Amino acid sequence: MIEIIDSPFDPHARLADYQRSLQSVGGYGAEASFTGYMRDHNDGERVTGMHLEYYPGMTERHLQSIADEAARRWELLEVLILHRVGDIAVGEAIVLVAAWSAHRADAFEACRFMMEDLKSRAPFWKKEQLDPGERWVQGNTPGYK
Amino acid sequence: MIEIIDSPFDPHARLADYQRSLQSVGGYGAEASFTGYMRDHNDGERVTGMHLEYYPGMTERHLQSIADEAARRWELLEVLILHRVGDIAVGEAIVLVAAWSAHRADAFEACRFMMEDLKSRAPFWKKEQLDPGERWVQGNTPGYK
Amino acid sequence: MSIQVKFFASLRDELGRDSAEIEDAGDMKVVDIWQQVAGNQPFSGNILAAVNMEYAQADSPVRDGDEVAFFPPVTGG
Amino acid sequence: MSIQVKFFASLRDELGRDSAEIEDAGDMKVVDIWQQVAGNQPFSGNILAAVNMEYAQADSPVRDGDEVAFFPPVTGG
């Protein structure tokens, strides 16, 4: 399941809700998840807020293609991708990605793959509010070192 | 924080509680977590329940050493390791591991390292209830393929 | 019909508009669309393009009725 | 004083007891403790040992007052 969300969401509550709804209780042994939160600093500057823009239509389509690709490459029972858009405050969740599988290797690797693809390819753009001023974030740092 | 738990726990509620208690709100951008659940099958057999034994004293000490080692190797703000012991029903959470960091690579890698070390070295032993009978689990499968 | 063009984020700010509509001249590629909407600004590696909501390259074909989008490197997650 | 020995999981079931106490004979190693409690069963790679709650090897020294534990491969998580 993928979803674009335009107001604050509780990542742990969403994870719990979705996990409860899975029909395969007892079938999955592994749940790997990642939550990205808005930090109060970036590139050495204090950040006070953020606006997250997306491309309605293409963004949902791209997130679905990430979920489909993960399901092709690993043995997964379910995946979940949620992403905030609009105005975001410090400390709020921006993204939640989760994968359920019978075994942990599949869950871990699928979860990380989905986050890396999302960061490098999904159409989202961050504009940070500084004090004073604002700036578009220029690019994401690679997630593999 | 590490904890041995002898009754059912809600991994998402615990994750939410711990995340709320972090003093570094706005300082972390990344939370990676893994939850292991009891499956209804293992090695081709249907499993109806499980007893999880540990070595009081050594197990806590080993989990703490995993948390300390992760904090040495990656830039982490917090880590959490919870592990069930005693009688466990199908679908219940067995283990929760989480890491918070400013950046996702550290959170992902620390979370996975902690799970792999826990699976291969932490003193826990599973005895599965089959129908009929029971058996000690012989060993964990490697988590890196 | 015609070709709908959309701009996002910093690229929209730079161009001063969020969309454009251009006539299909036949046998067009993404880079041709870019030159019509951006004038002298080169189509560099810092500009990404999509045709009908799928990533496209400078030489990807564009047909009448297509939606073409230009945007800077993505920064979600 | 003496040396406290503990057994866990399937190894406890096989040996039929969860603990033992043995006299320190001086200059003892983990494998010596094992031989005293397990008789003829060899100290194989499928048996893990800890001294004072830290992993130990067959030739790790054991001193009076130590706690020694033997157990099968771990299966937590």
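In order of appearance the chains are A, B, C and D, and numbering begins at 1 in each one.
The rule is simple: a residue touches a chain if its C-beta (ideal position, glycine included) is under 8 Å from a C-beta of that chain, and two chains touch if they have at least 3 such contacts.
In this text the structure is predicted, and so the values were computed from the model without any measurement.
Chemist: By CA centroid distance, what chain is farthest from subunit B?
Modeler: C
Chemist: If you average the CA atoms of subunit B and of subunit D, how far apart do the two points sit, in angstrom?
Modeler: 26
Chemist: Taking the mean of the CA coordinates per chain, how far is subunit A from subunit B in Å?
Modeler: Distance between chain centres, rounded to whole Å: 22 Å.
Chemist: Just the number, please: Cα centre separation of subunit A and subunit D in whole Å.
Modeler: Averaging C-alpha atoms per chain gives centres 48 Å apart.
Chemist: Give the residues of subunit B touching no fewer than two other chains, as numbers and ranges.
Modeler: If we look for residues of subunit B contacting two or more partner chains, we find 36, 104, 115, 119.
Chemist: In subunit C, which residues are in touch with two or more of the other chains?
Modeler: In subunit C, the residues touching two or more other chains are 77.
Chemist: Report the complete set of touching chain pairs.
Modeler: Pairs flagged as touching, ordered by label: A-B, A-C, B-D.
Chemist: Which residues, counting only subunit B, touch subunit D once they are in their complex?
Modeler: 36, 52-55, 57-58, 61, 83, 94-95, 115, 118-127, 136-140
Chemist: In their complex, what parts of subunit A are in touch with subunit B?
Modeler: My answer: residues 10-13, 15-16, 19, 25-41, 90-91, 102-105, 107-108, 111-112, 115, 119, 141-145.
Chemist: Tell me, which parts of subunit C touch subunit A in their complex?
Modeler: Going by the criterion above, the answer is residues 6, 8-10, 13, 50, 53-55, 69, 71-77.
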